[in-house]
Structures are given as structure tokens and as C-alpha cells.
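Here's a structure for you.
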Amino acid sequence: MKFSILVNEGPYTHQSSDSALQFARAVLDKGHEIYRVFFYHDGVNNGTRLTVPPVDDRNLQKRWSELAAAHALDLVVCIAAAQRRGVLDEGEAKRHGKGEGAANIAPGFRISGLGQLIEMGIQSDRLVVFGD
Amino acid sequence: MKFSILVNEGPYTHQSSDSALQFARAVLDKGHEIYRVFFYHDGVNNGTRLTVPPVDDRNLQKRWSELAAAHALDLVVCIAAAQRRGVLDEGEAKRHGKGEGAANIAPGFRISGLGQLIEMGIQSDRLVVFGD
Amino acid sequence: MLHIVNKSPFQTSTLQSCLDHALAGDAILLIEDGVYAAIRGSAVAAAVTEAKGKVTFHALGPDIAARGIAPEKLIDGVTSVDYGGFVDLVAEHQTNQAWL
Amino acid sequence: MLHIVNKSPFQTSTLQSCLDHALAGDAILLIEDGVYAAIRGSAVAAAVTEAKGKVTFHALGPDIAARGIAPEKLIDGVTSVDYGGFVDLVAEHQTNQAWL
Amino acid sequence: MADVRRFLYINRKAPYGTIYALESLEVVLIGAAFEQDVSLAFLDDGVFQLAKGQDTSGIGMKGFSAIYRALGDYGVTKLYVETDSLATRGLTLDDLQAITFEDENDGYTEKPSIIPVNKAEMAKVMAEQDVVLSF
Amino acid sequence: MADVRRFLYINRKAPYGTIYALESLEVVLIGAAFEQDVSLAFLDDGVFQLAKGQDTSGIGMKGFSAIYRALGDYGVTKLYVETDSLATRGLTLDDLQAITFEDENDGYTEKPSIIPVNKAEMAKVMAEQDVVLSF
């Protein structure tokens, strides 16, 4: 079965991202497919490479990036929500004059439009929302 | 009278930052002093220079930076909370190997420890908390 | 003590908890979604009206206007204040507590 | 329909709203702070027990354990599932709805 | 049109206190281009989103209540509003702004987009969907 | 010691669902170095923070309930717990972990840090403070 996941909250502050990650792993363990994971609202903050959690704590961005690498997941960060909250890829950082090296999108995440959220609602058998 | 303000939530997602800003302006208008504004939890996200809100919307980071510049406010971002969420100054960005130009702390904000929060509780006549 | 409530009383139990812990003579300031508690005729209006005998109620005018609550929809005795009035309330009370 | 509730029933009215809108035969899955609704003897236990005649209740075991709720404290008839069971519940129901 | 799905956007949160109402609306506007069968549900504090007379000038935030009135132009014409939720909050349908659309199947007659429903009817609306999005 | 203030940390949120409980605790630990008069209030869902037997291995998050037991070593010895909040949640004091401190003014006798209070007593605790921090 084709699953998609919507993550509405950032890492650490709410459990949403942790729950979504555990759910994603279980979906894959059960032999299902993950069509896409979409990050909206503060959820876009899961995709910043600048987080430095305490050494004895989990690194949620890395967990997402690693899961994406291992299973060729499509992790999409909403562009409008990301701009509001300061998550930019190289093109965005350049366009908005944020300076060389300012792009903070993490490996395995890509920035795209809200259409990707609607599309995953159309293309997936199941869509599960994690939020506050 | 000496006021201090604690902001627990990031920009846009909750009204807290807007309310705190309006409150800070009113404190100054009334002739009081602002000892410090401390940003904790997701509140640290008020201090990223990478946000690009829609052109017809307010830019909260700029509003804070401008208020700080106009009134010599002390805007302090909690270092532990900021590391968890990916807000870094140049020293932090370098120490954690995030690459040249990655520092995203906005003008007028500084990163420091939680002791600054306790200290403002001791030194201020009034402390007001804005959060979720 | 000044109690500051920023949550809708229909969504969370925060206002009720505040009312349960406010002492006679305390003031309660409703801000953000908390101002919805000031609407006349709602399911929580009776609790607010009853508490008025013990505490004073204030609500942030700009938040009321933002939410489209007409002045005539406010419960009698709830005082509307602007941000300057918010500052005054904080200054007048030695301690304040945000009910987050 | 599978309803997913992640809020404490003591803090917000979310579970009550979900119960008010669930149809006979629906399933409710409690996750995150939502699992507190499964504690026996609480102020919301009666509402959960009553709803059991209409809907089935499931609660995420890892969230129950994280919060220190002992298995014997769970209301009878609330099924504990792991993340795999969560996936199965979603798969078994054509639609699901998160009560955020 | 083989793949038309019934999308329901759940609105249970008040505007301005948090951004969910606004960002939900942004999804609805983008989603309108996908020619799906779209409905919006307003219940619990979500009914406050439709209150008339919203004036955000004093809080320094952009108001967005006018966008709801533009939904008809995007082909989003089914706004289910729960009357029980209104009553709990001391509101009636008269406290909501008028939202209409021009029915292209009926000579572009102007018709109301707001569909008042009680709790039981709202439950049925929810049960009839393919994709339920909540924010 | 001219400037000793009464600090009260309000805990009204459950652990793990959100980070507030943990990050509040981090403030308490740092604040302990400042030699103020520190109290913690646990009411509403905050009482869940002290539940015994918390095992977070299944949710991929770090548990932090042990930190409460270390508070005594930091000189934080007044944990007011509202019994009405416990009862509403189907809990009793027995469902909480034991938290103690060694009283240096009483030959380092081990004493309980948890002070059960009812609603009215909690209201009085709140009223006696200089600085009230909530997260």
C-alpha cells in the first residue's frame, strides 16, 4: 500500500516529528511504500542542517536524512512555510541575498510547493497527519 | 520600572512573539525600561536572519532587530534551545563545523546561557511570559 | 496577582484552572485566543460572570477587535484595555503569572 | 474511519469532540498525550467506557510506557498496539482523521 | 477526471492565536487548482475563523478573513459550519460573514457557500471523505 | 543574600508530548546555582511529569524522569503537587516516584521533596511568589 505522511510541527518541541518517524519506519517494516513525507508549518524546521542537539539526545534531522537515504524517501519541505521560518536551499538563499553558505536545508530534503501535498493526497492510498 | 520579557514561541506559528513585541513597545512608550528580552524554546527562532515572510506580511525578526537598535535592547537567545533548533552565531557555527557563512543569528540578538533568564528574574521589577 | 490567560476556554481547560486558583482581589487579563472567554452568552460565560464577584476581568482590546467580537458582545464588567493598559496592569500587580 | 487523538483529554476538548463525531463502528487510536485518556478511574474514564459500545479504542503502547502508565491502569477493552499495529489500523480503514 | 477524490479540510482552531487557520487556507487555495471534490469543515474553535468584522490593525498582524470570501472564485463552495459549535461560543450564523459563489450550473446565480450542519450531520460529512487534512 | 527572591516554576504540561517539561527542568537546574528561594508547582497535566515507571525506549526519545530525583542535590527541595489534579487523572501519590533530599539543617536526614497540596493550598503557594515562570 502507498502511504504518505504530513508533519506539521518542528523537531523536539512537539512529539509529532518523533511519532511520524517511528510510524514511517513501521510502514516500511510492514512492506508498504512511502510515496512522500511533506513538512508543513513548523514542520519545515525538521529540515535544517544547523541543529546541534545535546550529544546524549536524538538528532531528528539526521534520523530523517538517514531514513530517506536508506529507502529513497521523498522528503519535501513546503517553500512558503520554509521561507516564513528561515529554511532555505541554495537557490532560495541566493535569491534572497542571504550570503554565501547560508543555505541550511539538510541532506535528503528538498524544497517545493504545496501542490506536492495535494498531489500526495491524490496519489497515496493513505495519508496520515502528525501535528499539534 | 524595570521590565523583562520571556518569549517561548517562534515567529508566525503562535501569536506570542507578536504579543511580546507589542507589549515591549508599550512598555517603552510608558517610559519604563526593558532590562532584557529572553527567547527560549521555539522562541529562539525569532532570532534567525534567514526568514523571508511574504512581502505583504510583517517581518518579525526585523521588527525585533529594529526595536533593539532603537532602544538598545538586550535580546538574548538561549544557547541550549538554539542549538536544538538550529540557530547559531559565528562561533557556534564554526565550533560545530557548519561551514563558512552558516551563522544565522539576526542583528541585535546574542546567544547566551539560561543564567541570563534567571538573572533577569532577579534584576527586573516585572517579568512577563509569552508562550503557547 | 495578575493572571494572564491566552487560551480559548472552549479548546483548553486553562481558564478554568486559572479561575480555580485565583484569589479574591486578583485580576485576570485575557489576551490572544483567551479573549473568547469574554463573549456574552457562551458556554463559559456563566463561569466568568460568577467569578466577577471575586476577581476583576480585563481583555486586550486589539485581540478582541482582531477576532471580530463586537463591543456589545462582551460580558458586562469585562474591561477592555490596550497594550498600554496591559503594561499598567503588570506594573500595578507585584506578581503576574502566565497560564500557558 | 480511524480517528487519531494525540491530546490529553484533561487539557483540551479534542477527545470529547472526536467522541461527539465518531460513528458506530469507527476506531479511535490514542497516541502521544492522547493515551492519558486510557487511564482507569480518571475524570474522563466514564466517557471512554461509555463510548466503547459504539467505537473501538486503541492506544499506542510505546506512548503508554513512556508516560509510566502501568498496563493494569488501562481501561478494560482499550487495546495496546505498537507502531506496526498503528500502520495496520491505518491500512484497515479507508480514511483516517487526525484530531489536532 | 478518473481520479477525483473527496478532500476535507478540518478547521478546529481559531485564527491569529496560531497560524494554522491561515496556512490551512493557503493549502486550500493551491489545492483548488487540482480539480478535486473539496469541502471545508468548521467546527469547535474553527468557527471563529468566519466571524465577521475582524480588524487586526491593533495586533500588527495581517488579517485574512477576506480570503474566505474569495474561495468561491476558486471553485471552493462547500463550507460546512457546525451550529452546535457556534452556540457553545455564543454565536449564531448572523455573526459570520456572508460567503457566496456564483453557480456556473445555474446561470451564475449567487448562492451561499456556508452550509450549516449540526454535529450528527458534520459527522456524516467527515465519514464521506477520501482524504482528511487537519492542521 | 539581600536579593533572594521567591521563584516558582509552574508545571502544567505532560512530559514527552511537548518539550516544555524538559526545558523547564533545564532552567531549574541552571537556576539552582543562583541561590534563590525556589519552588516547583505541579498541577493539571504537570503532575504526569512525576509519574513513576516512565520508559521511553519505545518512542525514541530520551527519558528524563530521573532528573527530578536529582533536584535535591541541587538544593531544589520544594515540589508542590496538587492532589486534586492527581485525582482527576486517576492517580494517587503512590503513582509518583519518590523524590527526596538530605536536609543539611537536620543532620542530612532524608526527607520527601514532594509536598501534596490541594487546590486552595496551591493557590496560596502561587500567591506568595516574586517571580512566576511558566513554559
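Letters A, B, C, D, E and F mark the chains as written, and numbering starts fresh at 1 in each.
Criterion: contacts are C-beta pairs under 8 Å (C-beta built on N, C-alpha and C of every residue); 3 or more make two chains touch, one makes a residue touch a chain.
Keep in mind it's a predicted model, so treat the numbers as computed, not measured.
Enquirer: Among the other chains, which touch subunit A and subunit F together?
Expert: Touching subunit A and subunit F alike, sorted by label: B, D.
Enquirer: Where are there more C-beta contacts: B-E or D-F?
Expert: Answer by contact count: D-F.
Enquirer: For copies subunit C and subunit D, work out whether under half or over half of the interface numbers are shared, and give different or same accordingly.
Expert: Comparing the two copies, subunit C and subunit D contact each other through largely the same residue numbers, since over half are shared.
Enquirer: Which chain lies the greatest distance away from subunit E when centres are computed from Cα atoms alone?
Expert: The chain farthest from subunit E, judged by C-alpha centres, is F.
Enquirer: From the C-alpha centre of subunit B to that of subunit D, how far is it in Å?
Expert: So the centre of subunit B lies 38 Å away from the centre of subunit D.
Enquirer: Please report how many Å separate the Cα centroid of subunit D from that of subunit E, as a whole number.
Expert: Measuring from centre to centre gives 27 Å for this pair.
Enquirer: Could you please state the distance in Å, as a whole number, between where the Cα atoms of subunit E are centred and where those of subunit F are centred?
Expert: Here subunit E and subunit F have centroids separated by 43 Å.
Enquirer: Two-or-more-chain contact residues of subunit A, please, as numbers and ranges.
Expert: Where subunit A meets two or more other chains at a single residue, that happens at 8, 12-13, 15, 19, 22, 41, 57, 80, 127, 129, 131.
Enquirer: Spell out, as numbers or ranges, the residues of subunit F touching 2 or more other chains.
Expert: Touching at least two other chains: 13, 16-20, 44, 59, 61, 131, 134-135.
Enquirer: Can you list the subunit C residues in contact with two or more other chains?
Expert: 6, 10-11, 13-14, 32-33, 62, 82, 96, 98, 100
Enquirer: On the basis of the stated criterion, which chains touch which? Give every pair.
Expert: A-B, A-D, A-E, A-F, B-C, B-E, B-F, C-D, C-E, C-F, D-E, D-F
Enquirer: Across the complex, what residues on subunit C touch subunit B?
Expert: Contacts found on subunit C: 4, 6, 31-33, 62, 82-84, 86-88, 90-91, 96, 98, 100.
Enquirer: Applying the document's contact rule, which stretches of subunit A touch subunit D when the two form their complex?
Expert: On the subunit A side, the touching residues are 1, 3, 8, 15-16, 19, 22-23, 25-27, 29-30, 32, 126-132.
Enquirer: Which of the residues in subunit F end up touching subunit B in this complex?
Expert: 3, 5, 7, 19-20, 23, 26-27, 30-31, 33-34, 36, 131, 133-135
Enquirer: For a test of understanding, state which residues of subunit B touch subunit F in their complex under the given definition.
Expert: 6, 8, 40-41, 80-81, 113-115, 117-119, 121-122, 127, 129, 131
Enquirer: What residues on subunit C touch subunit F, complex-wise?
Expert: My answer: residues 1, 13-14, 17, 20-23, 94-100.
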